[in-house]
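First the structure, which I've put down as structure tokens, then a few questions once you've had a look.
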Amino acid sequence: MSIVLFSCELDKAMAALVIANGVAAMGGQATIFFTFWGINVLRKETPVTVNGKTFMDKMFGWMMPKGTDAVPLSRMHMGGMGTAMMKWRMASKNLPNLPGLLSEAKRNGVRMVVCSMSLDAMGLKMEELLDGVEIGGVADFVGSANECGKSIFI
Amino acid sequence: MSIVLFSCELDKAMAALVIANGVAAMGGQATIFFTFWGINVLRKETPVTVNGKTFMDKMFGWMMPKGTDAVPLSRMHMGGMGTAMMKWRMASKNLPNLPGLLSEAKRNGVRMVVCSMSLDAMGLKMEELLDGVEIGGVADFVGSANECGKSIFI
Amino acid sequence: MSIVLFSCELDKAMAALVIANGVAAMGGQATIFFTFWGINVLRKETPVTVNGKTFMDKMFGWMMPKGTDAVPLSRMHMGGMGTAMMKWRMASKNLPNLPGLLSEAKRNGVRMVVCSMSLDAMGLKMEELLDGVEIGGVADFVGSANECGKSIFI
């Protein structure tokens, strides 16, 4: 299955990874294409020094959420309180969390591809993203969707 | 067609049901997987007494929209005014409404599956949801998408 | 590929067109179904005089964004400032813009279909939309998804 993750929201990123891991658990091949805001999910938490960033790139980097722990809920974020409550709630019920789902996806062989155009738009460099992530373009998504015949956009 | 309804918004729920009913009308099999916020669309309007709910479960239940009449528009909700206006507008033009689309889907044999993990995250029990709804997991969605080859995420 | 564009947001409309153009560039057939809010992306910027509009239709027309230049970002719109900044940013990096992607899609033979029910709900007439757009219904989407086997909902 080819999954486009366009959003940088906790709940939507979890949905993408739960589905990808479900596909992998059933013996299938899943690829997640991180585009536009979605790339922020893959950012490293610790600052990475990168050359060649404009002032605007830096400002964008500062304004966008930094990785799995920083992404907000799409509803009921309530200045962070709702998101914290939901994380605590899901942990207390032994439900999965985003960093855990991401590690599981890596172990399961889920391919993770970052859209090169979006990387440029967001002003991010590959060094700022988690390891084990490939770079790709829209042709990769279309090719993968053609091959597997199933695609979703989150 | 396998449709994931992730949102609890009036317009998106209507889109899911219009497509599912369209598939059914053309002789196909449609399944809607209600996940995360989407489960709230299926809540009964009248309160149901359920045992074993924590304080947090109750609080979530109180904060989330309760069924087809309570779900807001994704845009122009304007504290309820925009949503009420849109409903009135669509009724006056004889366009479908959400409760009507849901009954039609049942009559048409559209399968409605609720994600068990999301039920847990939202703190809801099956008794609080409309009748005729099944419980399932991510494997059901992946299996159904594999079988029919077409999936969308709303 | 059958693409449903449900949102009238700049970033999501661009995603739909980038994917459609990608499919066309690889020799495939792409169709975009503009539904609900998505129709606003196709509105002409200059006012068109149309008969038979109710007061509510006019009010909706006035409240909804008018075409490719008016649609906001789904995040960081910040009263228009964030959207203007992103447009300027993408132009300075030679990344595509929405009017350009729309012209490219037309040249590439991407089919653009407007949902008749949504047109009614939004209170818009075909004369108010860009040229080269067809009118259709949910059956067209289901038929097209059946034929090509790949569908996404944006």
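By letter and in written order, the chains are A, B and C; residue numbering begins at 1 in each of them.
Basically, contacts are C-beta pairs under 8 Å (C-beta built on N, C-alpha and C of every residue); 3 or more make two chains touch, one makes a residue touch a chain.
No experiment lies behind these values; they were computed from the predicted model shown.
J.: Can you check whether subunit A and subunit B touch via the same residue numbers (shared by over half) or via different ones?
T.: Both copies, subunit A as well as subunit B, present different residues to each other, with under half of the numbers appearing on both sides.
J.: Could you work out the angle of the rotation that brings the CA atoms of subunit A onto the matching CA atoms of subunit C, rounded to the nearest 5 degrees?
T.: Fitting subunit A to subunit C on C-alpha atoms yields 120 degrees.
J.: Where the CA atoms of subunit A average out and where those of subunit B average out, how many Å apart are those spots?
T.: Measuring from centre to centre gives 25 Å for this pair.
J.: Residues of subunit A touching 2+ other chains?
T.: Residues 149-153 of subunit A each touch two or more of the other chains.
J.: Can you list the subunit B residues touching subunit C in their complex?
T.: Residue positions touching the partner: 1, 11-12, 15, 18-19, 21-23, 25-26, 28, 74-76, 85-86, 89-90, 93, 95-96, 149-154.
J.: Where on subunit A does subunit C make contact in their complex?
T.: Contact set of subunit A toward subunit C: 4, 6, 8, 35-37, 56, 60, 63, 117, 120-121, 123, 137-139, 141-143, 145-146, 149-153.
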